[in-house]
Amino acid sequence: MFNIALFGAGRIGQVHAANIANHKETCLYSVIDPNPESAESLARKYQTKVQAIEQAISDPEVHGVLIASATDTHADLIELAAKHHKKIFCEKPVHLDIERVHHCLETVKQYQVPLFIGFNRRYDPQFRRLKTLFDTGTIGKAESLLITSRDPSPPSAEYVKVSGGMFRDMTIHDFDMARFIIGEEPCSIYAQGSNLVDPAIGQAGDIDTAFIIMKFPSGAMAAITNSRRSGYGYDQRIELHGEKGLLSAGNIKENSVELWENTGCLAARPEHFFLQRYREAYIAEWDHFVNVMADRATPECSGFDGEQALYLADKALESLHSGKEIKL
Amino acid sequence: MFNIALFGAGRIGQVHAANIANHKETCLYSVIDPNPESAESLARKYQTKVQAIEQAISDPEVHGVLIASATDTHADLIELAAKHHKKIFCEKPVHLDIERVHHCLETVKQYQVPLFIGFNRRYDPQFRRLKTLFDTGTIGKAESLLITSRDPSPPSAEYVKVSGGMFRDMTIHDFDMARFIIGEEPCSIYAQGSNLVDPAIGQAGDIDTAFIIMKFPSGAMAAITNSRRSGYGYDQRIELHGEKGLLSAGNIKENSVELWENTGCLAARPEHFFLQRYREAYIAEWDHFVNVMADRATPECSGFDGEQALYLADKALESLHSGKEIKL
Amino acid sequence: MFNIALFGAGRIGQVHAANIANHKETCLYSVIDPNPESAESLARKYQTKVQAIEQAISDPEVHGVLIASATDTHADLIELAAKHHKKIFCEKPVHLDIERVHHCLETVKQYQVPLFIGFNRRYDPQFRRLKTLFDTGTIGKAESLLITSRDPSPPSAEYVKVSGGMFRDMTIHDFDMARFIIGEEPCSIYAQGSNLVDPAIGQAGDIDTAFIIMKFPSGAMAAITNSRRSGYGYDQRIELHGEKGLLSAGNIKENSVELWENTGCLAARPEHFFLQRYREAYIAEWDHFVNVMADRATPECSGFDGEQALYLADKALESLHSGKEIKL
Amino acid sequence: MFNIALFGAGRIGQVHAANIANHKETCLYSVIDPNPESAESLARKYQTKVQAIEQAISDPEVHGVLIASATDTHADLIELAAKHHKKIFCEKPVHLDIERVHHCLETVKQYQVPLFIGFNRRYDPQFRRLKTLFDTGTIGKAESLLITSRDPSPPSAEYVKVSGGMFRDMTIHDFDMARFIIGEEPCSIYAQGSNLVDPAIGQAGDIDTAFIIMKFPSGAMAAITNSRRSGYGYDQRIELHGEKGLLSAGNIKENSVELWENTGCLAARPEHFFLQRYREAYIAEWDHFVNVMADRATPECSGFDGEQALYLADKALESLHSGKEIKL
């Protein structure tokens, strides 16, 4: 049984708290959050305790940490945990500044602790199945990858201001997915974007609609299309075209009920947002991290993966601002 | 080039007129209809002539007749055509009275002319493909056949009164389809029905909603579900369950456009009615009859098939009235 | 927190054990099973104890019992639990003999304890949604109900022999579903069946393929089609046709990945069997029973519902054997 | 009745011949082709005559010309026809060299004859319906347009060599579609491409897999993904995301039959290629041109549209070669 200290009692922290508590090999040992009420409320729910950062990080009973706190605390917490030889699960991103990420990963390397970055979509059963079928040669070599990722509705302008921008906040998942599926590092990137959904996002210096094209050394190409608003739920689809055909992973609908009437056949929307769509992915990634803690596996999604995805986000931004394809 | 005399210039006669004219081996030679205006209008459209019954039937230039006139004229016209050695395509049914059908088929037999009964659905590309896949062993032996047949909206009470009743008018197609797919004659039949759609249909002594179960000597069973009104277009589906799996033939939608919005994903309705859904079937059955006229084939759908489907309709009615399963 | 004694540590007992343990208002207090190893294994998993029947039933700490033991023990256990004023959740059926059911329900009535019968499908989110949309008038009055229920593969002949026959064992769920959806008691029933899947089932005196038609006082009709083997997973679909259109609840596929290649577009099978398909239904029905225990609800699915479904199964068998429609 | 001289008796000429002959207001007057056998075979089929270019173009009986000959003859024939005041339907492209196109259109303007360019996909009922629903405000303002266009299998290297390259030959349809749907001229374009399908295509200096991003003045963006080979038929899909939701036009499947078995649910492929998928589009565009000839309409798809699509193809090529986004 591994005791886990959970940093962050917000929305995503609550998802992880449930998965930690439900896993037969892990126990929610403590909750750490700058907001005492949030921390205590979550701790109470799982009949566990609240700790301060230093207390948790130096507690010899703590085997692993799950960092789901504010983005700007990730790198510091990772380093602190590494120095205390805790095994680390950290939500993406490590940091919004790639230099800081690089320095942080050096520290992790020095202390030789496993670090898993929570790119949850790699554990979505649909995308995982697509990847497995591709890896077993079902469609031959990869040629074209199309990633559709659209949120149901835009975040607040306040969130946008501290998010690091659309590429580092939202598209970063898709950059990781493209690397994961194709299994190569891209050699060029081009990004185009618009502010169409909410003028406040534009005023905050960001875009809300983005198209990206990447090319890989094998000649395969990937297109990512993003929007901060779909109008119909969370749109998460992948198409991978290969020599012999297409593998596609479609949306999961809210239910299987259809209404057929004079105006047409009405089916359910895609599941609303990431808490619904990626519920199983969060459970599966936690199970993987338990295997890492138990030395049955090494992190499938490492600090390097986190750094590379951020690097692509930075380069996409450079392309957007320069109007040029960037060689990588 | 075969010259065809067309009896009946109504809705279904017009469908056949186009197919006769468009077929490279047939020519619409003349149109016969008790309503002179209808006959002339159709003849004018195809730059051909109007004839009287006797004139057409005895015209040595006429190679084949297509009987799409009122139901109660079919048997007389078949006999007349047989006596003049014309090849005969007749819309279903031969007659609403099975004794009359039997007598008519005797006459046809005597004059040794080919008679094709237009059970158009056998030529629907979807159902034909299902049948072909079944015949080639795709799902092994047949176990359960489910036929769904629902009209978009009910006919007038006037039509109902002369229709011979729901089983002889509408379900007859499904009886033929069940025989066609399974390839056996059923050994029992049970029918249940209701008047739910339009009280006027009930007042005319008929039902508008029907469920039928038939059993075949091999143990396979068929269920037919009918309604005079779907509310969403023409619902024409078949499911055939066999030892190894299921073959299903779904509806054809009006188009492939979908609208995804907050209330759900809206797709198109099924095609509206038989003129749309079975357009290709009418063309294909005519092509088969041309092969019959050219001695390249014998009628796949014969007078016997017409008689058997009517027999099942009669027995379904007997079951409905008696509340008993009828042994055949 | 309600303490629950679980009778039966088999496949379905294990499903309930997890749901009891995971529910925030219930606790798995003890496990009772004639096989000591099964009982101990399950108790160990949830860190709880094993009890004997009498011990559990008379334990004042036990608030509710969940009966998931062998079918022939249900009625006895219900009566025992009622006499000790325990609240009762019992898997279907109460008993295979309707007289015994009737007597058992009398006892329950006498002791005034709530009894919930686990017709799990009523809690399937798909069917529940269909029912809710129907109840809110989406399609107007019900006209035709089509229930498709096919198991992935047949049970052993040993199971068949003690199952009470296909109607009491399998179709009973569909009888309940028809009553639940339509909201009326049927007034006639007709059943037809075959032994097509496995000769051993026929030798055990049972059928493995069944078609049933029921008529309701409003004129609405229901057709149930069953098979002990689909060849493609668990086929659980409902179509409800009303005045204004159709509500359909389709299968849930194992995943959303498709492979498009030269031979066609391959999608996933329906989920394999009831453990997968009705996972959420088992959770939801348990949540309902917790509401019953907490006096926030009365059993939506009562002993009477269990009795009526069995009555329809008995009458279906009478119809099958007599070849007649049975008036109810 | 308009008499039509058809230039080109090849694959696409034969499609048009049938549509000309079947239209109630047009008559296939003559066929012109450098290959006498092809010309005569087609003329014989429609019981019409063969003409030489000059003969047809100066024949006072000819009301309109349909140019479906080799690409490099289009501009010359258009000019010749314009000078003889014939109404002109020309297959895309006018010419592969944009200067030549420009000069040709000047001539057409001078002689004031209507010129329709056959971008057939604008007349596909699916895409047309999507466009209509968008124009009527169904999803609000356009934000993202995704065009998928994949051929079933690659052309020969010989064809590739004279095709003008993938952008001018294949993507040109998608450039036109993007302009048609969005209703604006793009202000920037970026193209990326690979040679993955057939090395011979690369040796001929061309690509076979392409991704293009365009931005429009309103901020809307379009992504086009192309391949010379899908492995599963002709993949022709459009997604248009707007403020309120998504309009998508999916593929048309070869049939509606599905096979459900243990390995999954197999549905039909998309229709094989343009002759099948765009059969109705060819008929509809011809009907539009008949309206143009009868002065009931002006060309919806003009020489200017042909020029603009070619311009975008040229700029895409410039982007591909320079690795830069091109401002338009």
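In this document, chain identifiers A, B, C and D correspond to the written order of the chains, with residue numbering beginning at 1 in each.
To be clear about the criterion, contacts are C-beta pairs under 8 Å (C-beta built on N, C-alpha and C of every residue); 3 or more make two chains touch, one makes a residue touch a chain.
Model, not experiment: these values are computed from the prediction.
Visitor: Enumerate, in label order, the chains that touch chain C and chain D alike.
Guide: Both-contact set = A, B.
Visitor: In terms of C-beta pairs in contact, which of B-D and A-B ranks higher?
Guide: Top pair by contacting C-beta pairs is B-D.
Visitor: So, comparing C-alpha centroids, which chain is the farthest one from chain D?
Guide: Chain C.
Visitor: Which whole number of Å gives the spacing of the CA centres of chain B and chain D?
Guide: Using C-alpha averages as centres, the distance is 40 Å.
Visitor: Centre to centre, by mean C-alpha position, how many angstrom separate chain A and chain B?
Guide: Chain A and chain B have C-alpha centres separated by 58 Å.
Visitor: Pull out every residue in chain A that's touching 2 or more other chains.
Guide: In chain A, residues 139, 230-232, 244-246, 260-262 touch at least two other chains, as defined above.
Visitor: Report the residues of chain B in contact with chain C in the complex, numbered from low to high.
Guide: Where chain B meets chain C, its residues are 139, 141, 143-144, 146, 148, 150, 188, 190, 192-197, 209, 211, 213, 215, 219-221, 223, 225, 227, 230-232, 235, 241-246, 323-325, 327.
Visitor: Quick check: in the complex, which residue numbers of chain C touch chain D?
Guide: Chain C reaches chain D through residues 230-232, 253, 260-270.
Visitor: Quick one: in the complex, what on chain A touches chain C?
Guide: 22, 125-126, 129-130, 133, 138-139, 244-252, 255-262
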